[in-house]
């Protein structure tokens, strides 16, 4: 049921406007914070206001401009988009609070918060893009708006990371553009409102090229190996950036794109016929394992988180590539699960860095005693990633395994298991160090993170817990994911 | 009251010419007033132009017989939709002229003010005439007005280097003009006519192919040189980089477009005549465009001189346009046509902003201009907006152009060009990012840069206006398409999309 | 004139064109290049004018006693215009050359290329 | 008679080409100007020959104009050279 | 007075050039000649009138005759030189000072030297004449000063304001 | 360089040699150049333009627009040269080198005749080709020559200071004025009235154009040289 | 009469061509600008004048042919003047006149003078 409503347009626009106001605020901290926070709140409210409708199956659409038939800028808040928008606007609100605390005393804060707002704006734009063109529009804008955040420190190292980041993402953008153009040429439309637009008779080579171009294009941001090289380097950015962008916005936009390609550009049926998804699934499986393996070897905290992110993102890709309703549910859910868990971890790492200056795993001995609340949150996130039942990560892995079986590819269940082991292998040592080893320096006093950092950490951790426990509560992400899956597969998702 | 707009067509050319002729007269009395006078002339011309464009949008194309001699018996002006699409480019003069006031006052002695503004008006008049004439020889003469004033404008700013750059430009430009004349002469000998439409009609199958091909090649080469398509671009970088910034804006934004307009006219003519193998030609054109995109961008990457970088970027952008027309597909042609205007606007913005930076700091290389954004935030922001626009990032109009051209590539079953286009664009990203990096993310190395002040309002207002226009043109997105599509349908060997 | 089926006028025009082209490209001196350019232009004018002639024709002056056929007046008008254009361009080129010589003290392209 | 005049014209044109050799050779700029000036004189005579051959009186007017221009341009070029405005013989 | 003379000369010139066929032709010629004659005041000799009117006509005819003869002789001389395979020249530059009262005389002398066989006026600056001679014999001739005396006689008695 | 040039010339020559195959034999009365537009001009030119010199008819009337742009080109050259930085003096330039008295004498002698001859050409323009342009070239030569021999101050006296910019702009301005007049009289830009009672107007318009071309062109050519030489 | 005129005309034409050819030869052969100026200033002007007079005599001498004599005057005035102007320019800009090398003297007298020269 489609309803014309400007809210899918307003949601991204809000933070665009806010960005302008933040830039204009200059050195005035009050107005900078005021505009940042109020935009976050308004945006969250806007998105939430559409949630009831979405749960009822309402789809909000808004066409801005049509250049020629089939090409235009249009917005559409379907269930999957809503899901993604909810995750990002919630996390933006939290991250903004965290960032206000974290960035205290840093130079160029207006630039930082301005582009920060722009990034989230584009993320929500991606979520609500009605067609691939609009999607691409925001996708590329995101690239550009992230750049100033990556090079924020203006050190040579940061500039180099920025260069690498741009090289990867812009080439990826090129592939997306190429795929989109070819898709339009083949289908005559770019809408994402259908379960697949490409005609089966478009020719195998053409379809393969389109698939490859789009997957490579989005795969860069989704950090599918071997396209992941930019992500660890980008960790040079301030922690809130790593947290929001490299846990949610940028990387998820990539993963979101991959799922859109699978469900809405090609469609499950066509892909099943074509068999393109199988290699993608294998690639994702490889990334899951290899990412984890490399994470294991990283001593630098943020880099370990980065490789973990690479690994986790491919859960989403794998889930989508399996082409079954269960796997799809897992994929969609993991967008939220991974986001909240990973952001918790980044927040904690940032808080550790801010309060103690420690950046390496090996330096964390005894940190649990000094920052009990933070490390508790970290532990919750770690448990979730490992897939301990009742935690959010378990839900993902459970559905993913079901989906793999549904697709007749039991081998991926094995991948899940190995991955869980690897997850455990690189997260638990941190927990172990934090709680069961004494710091060498003997500085044992409690130095918890300041409230502006701690509050978002705790909220996120709580949410991770909640996500695992509330799969049956309407209005929680799970229900939204279900609606989305029903749309993609045109069948009611089976809840085991 | 209704204005008989059609009757005003020749005055769109005559007004700037008369204004130019009177400028030195005025300069002899009070040089101070030449700038405002030139601006007034520009505004009057623009008013006529806009009225004409509106008229065409409403009533369609029309012809005007100079002296009442219609058809081939005299000189005919033809105001079609393509002309109506490119003509509003003269609007940019309304911004460039006031921008140059400060430059003129600071850098030129009063004895030269009149001549400078006269040349600007002559460039404008020549371009307008070039776009609307329906006569081959007349095309040549108008081209000469524009070219000759461009050569001189390049040399206005300095002594040795500028004169040398201008002379190089002159030599290549003169050879190009000569080729155009040769082509015109051949067609005239073959058909006995100079009227574009009439020549097309008379180039029947009984006309010898050899000379026709040579005429075609001569005309095309001529306009490719004027458009600075790689490898015929060699005159451009120095000329555009060394010229005073308002002049660079005129040259890069507008004058190279005469080559494009000429190309379109030639293709139009020969398509109507069906006298040369246009398919092969289009393919060659597409290749040239693709190579220009890549090479222009590639060469731009290595430039430290801000204006030189912008100059190379022009080669690259002209490549887009040429590729778009070369693909000979409706979508691609639309994209190319839009990019003609789009690039003009953006490149004007960029060159003027670069000029403002150079004017205030005295430095012109990126390494010297590092960190200037802190001292001149508004100018730097204009620069950044220009960069984003020209790179063709969504949601700017530049993106739309690329989109359409790439679409045309697939539409015409020439996928490799789609690939070349999309990935050639990445080169362009590279150097604009370098520019933004230098301006914003690097610390100043010169005290003069760190302590620079914003440009005076006579320069700042045009800059802000242009930057706003870039954004608006982008946000308008497809609005102009309604106008372009019929325009392109009229000039291309293919129908509209 | 067309002995041996070769139109000598066209041959002369083409020869002139090529001579000019050679001077323009091969000569290092700017003045010689300019001269070469002018030679090329002259060849095109010659082509236009000769193409307007007609066997046994009078110039297009319809005074008493003039007999048809007449040479076409259009090529002559074109060439007059063309000459004026070329003279104008040449004047500007010369001014630039004067500037270059005043600044660099040379007109040799090889040497100019080495100067900053 | 007409043939004789044609012959004279052709001889003059050939001689003019010979003069161009000097224009190319130099070695001084004045040599070149001199050579071009002499070519101009020959061209003037050729114009008059053509006028007489074809009976086009107006060509004599053209010849007068040509002769005057030839003279003035020679003087002008000479002046530019002696004022040091252009000098082809750069340092060797 | 000079304007009238100039105008008259110009009108005669007009008649040769235009070959008047109607009254209009004559009238236009007269007006044009008058206009140009008047305009010429802006650049003609500041003090003296045109050469022709002030020199005794007979002297002038005689000189012109000699002049023509010199001219032809010198052309013949050069012709002989250049077709001689040995190229029999041995140039020499002579600097000579001859005092004339009159600008016109100086010019006529310079010109006369030029059209005399084997000599060419290279420079004329005030009373100093620099003459390029194709060989020593001509140089000696110039030094002898016969030609200078001829010219001086031609202008004898001419009044300069 | 020479080798490349030669190769280029060979290629161009070959192209031209192949290309001219099939060009209409010029001189042939049936060539397209003679049977289309040109034929009409020969047939009806005198009647339509009132000019017996068809080249003049084409220049001023049929293709007067070309000529208008062309005078703008001349004007552009002037503006171009005036806009350039002054060349500045070469260190060893003999600035005060006086002109040879012989040259001075000859130029002064010729000058009035050149001027009158130019006027004669203008006057006879309607029966012999060139007219305005040749006269303009002569006026230009005249100004150049006088400028050469008279020196800066002498040359300045040739044309009154205040009139000079007007004279330089004379040709384009006259064209615009004539075009406007034609616009008013005939409804077309640069239209020449054909009605018999307006023949005098038509002739006056053509004469105005010729004179403007001659004087304007001449003054501009002279100014060009003076600027360059100064 | 016509025959006589024609013959005179032909003769003048031949002589004129010979002079022009000689001037051209001089332009090519002579060793420096000054000596070349001799050749062109004399041979060419006289030769061109001769041809022009020959043409004036063609088919009888008419009033219209006065114009040709005008042209003769023009050539006779301008060609030597141009040669002089160029020679002067070369002289003033420091061009050394060519001298015959002593060893290659073509007559004995040359050696004597050269020995005496500074």
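What to note about this one:
By written order: A, B, C, D, E, F and G. Residues from 1 in each chain.
What we mean here is this: a contact is a pair of C-beta atoms (placed from the backbone, for glycine too) under 8 Å apart; a residue touches a chain by one contact, two chains touch by 3 or more.
On a predicted model such as this, the values are computed, not experimentally measured, just so you know.
Least step count on the touch graph, subunit E to subunit F: 1. The chains that touch both subunit D and subunit F are C, G. Chain centres computed from CA atoms place E at the largest separation from subunit A. Here A-B and B-F were compared by C-beta pairs in contact; the pair with more is B-F. Averaging Cα coordinates per chain places subunit A and subunit G 94 Å apart.
As a whole-number value, the distance joining the C-alpha centres of subunit C and subunit D reads 15 Å. In terms of their C-alpha centroids, the spacing between subunit B and subunit D amounts to 42 Å. Annotation for subunit E: residues touching 2 or more other chains are 13, 17, 110-111, 121, 123-124. Of all residues in subunit B, those that touch two or more other chains are 137, 141, 144, 148, 151-152, 155, 159, 163, 188-189, 194.
Shared interface positions of subunit D, defined as residues touching 2 or more other chains, are 57-58, 61, 64, 68, 71, 75, 79-80, 82, 85. Pairwise chain contacts present here: A-B, B-C, B-F, C-D, C-F, D-F, D-G, E-F, E-G, F-G [touch as defined]. Considering their complex, residues 13, 16-17, 19, 71-72, 74-75, 77-79, 81-83, 86-93, 110-111, 114-115, 117-118, 120-124, 130, 132, 134, 136 of subunit E touch subunit G. Of all residues in subunit C, only 29, 31-32, 58-59, 61, 94, 97-98, 101-102, 105-108, 111 touch subunit D in the complex they form. Subunit D makes touch with subunit C in their complex at residues 56, 58, 80, 85-88, 90-91. Looking at the complex, you find that subunit F touches subunit C at residues 1-2, 4-6, 8-9, 12-13, 16-17, 20, 23-29, 31, 33-34, 37-38, 41-42, 45-46, 52-55, 57-59, 63, 66-67, 70, 73-74, 76-77, 80-81, 84-85, 87-90, 127-130, 133, 217, 221, 224, 227-228.
For subunit G in complex with subunit F, the touching residues are 74, 77-78, 81, 84-85, 88, 92.
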